[in-house]
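The same chain A turns up in both complexes below, where it pairs with chain B and then with chain C.
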Partner chain A sequence: MSTQPVAVAPVPRGALSNRVGRRALDWAPAAVVLVLALVFWQESIAVFNIKRFLAPQPSAIASAFWDHRSELLRAGWFTFQEALGGFVIGCSVAIVAALALARWRGVGRALMPYAIAANAVPIIAFAPITNAWFSPFDKTSKMAIAAVLCFFPVFVNTVRGLTSVRPASIELMRSYAAGEIDIFRRVRVPTALPFVFTALKIATVLSMIGAIVGEYFGGSFNALGVLIFSKSSTFDFEEAWAGIGVACAFGIAFYLAVAGLERLALRGAPSTEE
Partner chain B sequence: MSVVEIKELTKRFERGNVVALQDIELAIEPGEFVSLIGPSGCGKSTLLRIIGDLIKPSSGTVTVNGKPAPRARADHDYGIVFQDSVLFDWRTVAKNVALPLEMLGWDRARRKERVDEMMTLVELQGFGDHHPWQLSGGMQMRVAIARALAFAPALLLMDEPFGALDEMTRERLNMELLRIWDASKSTVVFVTHSIAEAVFLSTRVVVMSPRPGRIADIVGIDLPYPRGAQTREEPRYFELVTQVREALHLGSDLDQVPVQ
Partner chain C sequence: MRRNVAVVVLLAVAVGVLSTAAGATTRSSGTQKLTKVTLQLKWVTQAQFAGYYAAKAKGYYKAAGLDVTIKPGGPNIIPEQVVAGGQAQFGIDWLSSLMLSRAKGVGLVSISQVFNKSGLTLLTWKDTGINTVAKMKNKKVANWLGGNEFEVFAALAKYGMDPAHNKGVTIVQEPFTMDFFLKRQADAASAMTYNELAQVLEAKNPKTGKLYTMSDLNVIKMQAVGTSMLEDNIFTTSNYLKSAANRATATKFIAASLKGWIYCRDHAKDCVNTVLANGPALPRGHQTWQMNEINALIWPSPKGIGLMDPASYARSAKIVATYGKLKKVPGHEAYRTDLEQAALAQLSGVDTKGLNWKKAVVHVTPGGN
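For the complex of A and B:
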């Protein structure tokens, strides 16, 4: 053939500063929205004379955070550990269960109805019960809640990923006389990874919610949920709001960390490149 | 010894009690390029998969390289290319081509050497580090062909490999395939529903008819190799195209005969 093959070259990776510059530009609209929202919030509370227990001004929340920053961050870290523990337990069990289900369909028929039923249970309502099981001051009681919350999305998505392999891929592997284990390792698991990461990102946020709500029903005084709950009952709303802000920050950081892992694990997949 | 030998083959799908293939007898000799052509539902893809032991026949025997089909599959006696290139997005092009070599336990150095050879064969040098989704459809298909031939199988099975490509790309890949076939000295079984493609490529065209799938006629193609753009303009080419077309229609007409 005389003509040279023509392909779309991958986007060249420019200098680092270039990338950072483009990144900053990507985020600019969001930053503008944030600033506008804060200004609107700050001003409207003064203008409409809104009571501080309904919504304190952002500046008051910021100063409450600054005054209590070590207490708040320590509490945030404590709660994050509970969330992380629950996340690891819940996601591991979910992935192992999903692998078993995809490998042995009989296991699936035995497990799936219960997974669906378990998902219908309002897990948060179990917080007082896990407190009774593990003692409210033990991190395990909150991990249990977080783990159960994480389980279902990760389980369902992993099963979906493992079973969404194109039939032709399986035929190709069978033409190489590949066994089930080879097909699993080389086709099913890589196909499932994007699904798994989507679920893990959902689970980061769920695990923080699980840990904090679990703490509302009693927990260590070092815990963020306990702090938010007790500050709002003593009308210390600025610090309660600051606590919510810290919870958000930990949740977002957790999410971004998993998203970073995803980018690392799925290098070269079309969806992770701009 | 025939590369493929099929005797008294019948395939019945239990679901719907459909007879997909009936009384198929076919022998394919080394170095042949045999096309299976016929309308949808004539069982040509099923026949290809039975040769590859991806589907079990209901009765009859299939031998590949003198061995029963399951043994031949276990021994990696054939490579296969599907209509969809079936490249794995998470692997680079080079690693896609290396996949069967990994399964055969070749070491890294030997794999790399072979992959480079194959990339040259399909004229994709320099694209090894690309990902499949960065290539055009025609290039993806060439990668799939390189992967199928990577471990130098005696037999190449192709299931409508160019069916999803545009006409220009298809004609170009037809010529490339002939060059690769000549260079690799393999035997090809090629499923298509394009008469022009079948006549242009093949040494023999097996015309199949549907319900139940059976061989209606086998047309020998005596056009000389190497074939090129001028082949498609020769009177003999048109005669053969006509012959295959008539065989196809005759096969379908058999269906119109009322059952006594």
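For the complex of A and C:
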């Protein structure tokens, strides 16, 4: 009988079942914390006799969600469309601007201060203005806010990515007599992709925030922000919290979708997994 | 060790700051003998609350032994939450919000129904031809929501629409300025006679270069449609009224406030000046219009200012129960008249009914200046 320790055979990287198994275990601590937090919330409301209008119990929120699920989900979808539209617009403009800046450095020097200014605009102050420019009841005014919020992180990160290429790679390309477009396509863009995706993931959350905050200042009755505001004004806090939960869910789903896209796009790249 | 000391010192400072900022108490201050109370208004400083500002400026509160702090409201400030949270002893809001909060277990009670008529209207442009609520079918109707929509919803439902589910009519949440209405982005807009209507009239018609006039608009009053509800009232928490001292304070507060409103009935211009001295957002011309319209919602007050009319109350309760989806129609418990009647008794010899009051004609100024 051999008592020598046997090295565990390395798991083939592509094995799906093992991937899922590892992933599930990774989530276990977070899941435990979530359950404990919910239980604590539920019990402390009862124990400390906290007034309903200050913080409802998770069970009350869950039942309010279930009772109004179609209204809440429809509102969530409506607001998500605004967030998505703003995300697409903001990120596209940001990426195009970043490409221009990386190609022509002079343009970059001209644009960068304005990008920083765009980031400094307090969004709450901006929302009534977009409501005046576009109709407060259309999706466009909220898309504008989401787009402004998404612009800066994506712009800055894309610029960083496009310009943080190793000089040796550029020299190599030049030695092959590669044109600017080739350099972009083969070196700069692949280098920039991880940066871009990081920024896109940030932008998903920001776009959702922008859409909802914008709706506080006027919007369609079908919108999630309007619903949350309206319900909390009429003391329907269970529904308001349920609405907040729906907003979080959409934001998280959006984030995961972009993260999944990142995984696909960066499959060939050297592993950056934790 | 040094870090722990620093933390303790910081905590002590924080506690000290928080406790001094903890707001008014009803303990009489030893040297001044004035009871400190805080009033939370429903909206920003404007003539809608002139009576309270006048009572403070003319010394009525002080004469009653009260040191009143008036807190203006604004978007996202819900007076019921401020009062229930203890940051104010008294609040001004619409009866509908009070009933909703009571239904959710918040122990508030109305102690004086100052406005006896509703100032809510639906505005449309005359050239659209939408001059009745019935013609608003399948149109876009705007309201601020958040508890202000019940009169409008009841009116729309009266003519067969289902506004709560956006059926037969499209409901949109309107912003706090009337730009959207001027740009015709909605077919009908909710407007108070004393505020938003004036904002429209103070705007210039780009086509004529002159101000808009009443002949450009259809002003459909909820009072005329029959779905009006009671609006501005003074409320407090039931807990607050448990002690006799607080009940006495509340009675004095009501009496002094009503005295302020009576003064504003008889001296409208002086009250406009008082409001202006408190830094309102909108200027003199607008406040003059508003003072006049607010007086129209209070006077004449056949039973005496502030006394609840049971019939209006019952109508309001029914509308809130239907559109606020309450389990039962709010009963008599939502308001009490004992303190109000005691306050009116304190005002004997003063005209609390204003039966001879006549509405003035106010000229609209551009931009409300």
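The rule is short, and it goes like this: the second predicted complex is superposed on the first by the 251 of 274 C-alpha atoms of A that agree within 3 Å, B and C clash if a C-alpha of one lies under 4 Å from a C-alpha of the other, contacts with A are read in each partner's own complex, and residues count from 1 in each chain.
By definition in this document, a residue touches a chain if its C-beta (ideal position, glycine included) is under 8 Å from a C-beta of that chain, and two chains touch if they have at least 3 such contacts.
What you see is a predicted model, and the numbers here were worked out from it, not measured in a lab.
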What is the contact status of A:119 with respect to chain B (first) and chain C (second): first, second, both, or neither?
neither
Classify the contacts of A:169 with the two partner chains as first (chain B alone), second (chain C alone), both, or neither.
first
Please indicate which partner A:198 is in contact with in the superposed arrangement: first for chain B, second for chain C, both, or neither.
neither
Is A:140 touching anything from chain B or chain C once the two structures are fitted on A? First, second, both or neither.
neither
Would you sort A:218 into first (chain B), second (chain C), both or neither based on which partner it touches?
second
Is A:187 in contact with chain B, with chain C, with both, or with neither (first, second, both, neither)?
first
With the two complexes superposed on chain A, say which partner A:81 touches: chain B (first), chain C (second), both, or neither.
neither
Touching A:92 in the superposition: chain B (first), chain C (second), both, neither?
neither
Just which bits of chain A does chain B share with chain C as contact spots?
none
Within the complex, which stretch of chain A touches chain B?
1, 5-10, 166, 168-169, 171-172, 174-178, 182, 186-187, 190, 193, 266, 268-270
Once bound in the complex, which stretches of chain C touch chain A?
75-76, 78, 80-81, 84, 97, 100-101, 103-106, 140, 142, 145-147, 166, 170-175, 177, 179-180, 183, 185-186, 324
Touching residues of chain A toward chain C in the complex: what are they?
51-53, 128, 131-132, 135-137, 215-223, 226, 229-230, 232-237
Given the complex with chain A, which residues does chain B contribute to the contact?
49, 52, 54, 73-76, 78-80, 82, 84, 86, 88-90, 92, 99-100, 103, 123-124, 127, 130-131, 133-136, 139, 172, 175-176, 179
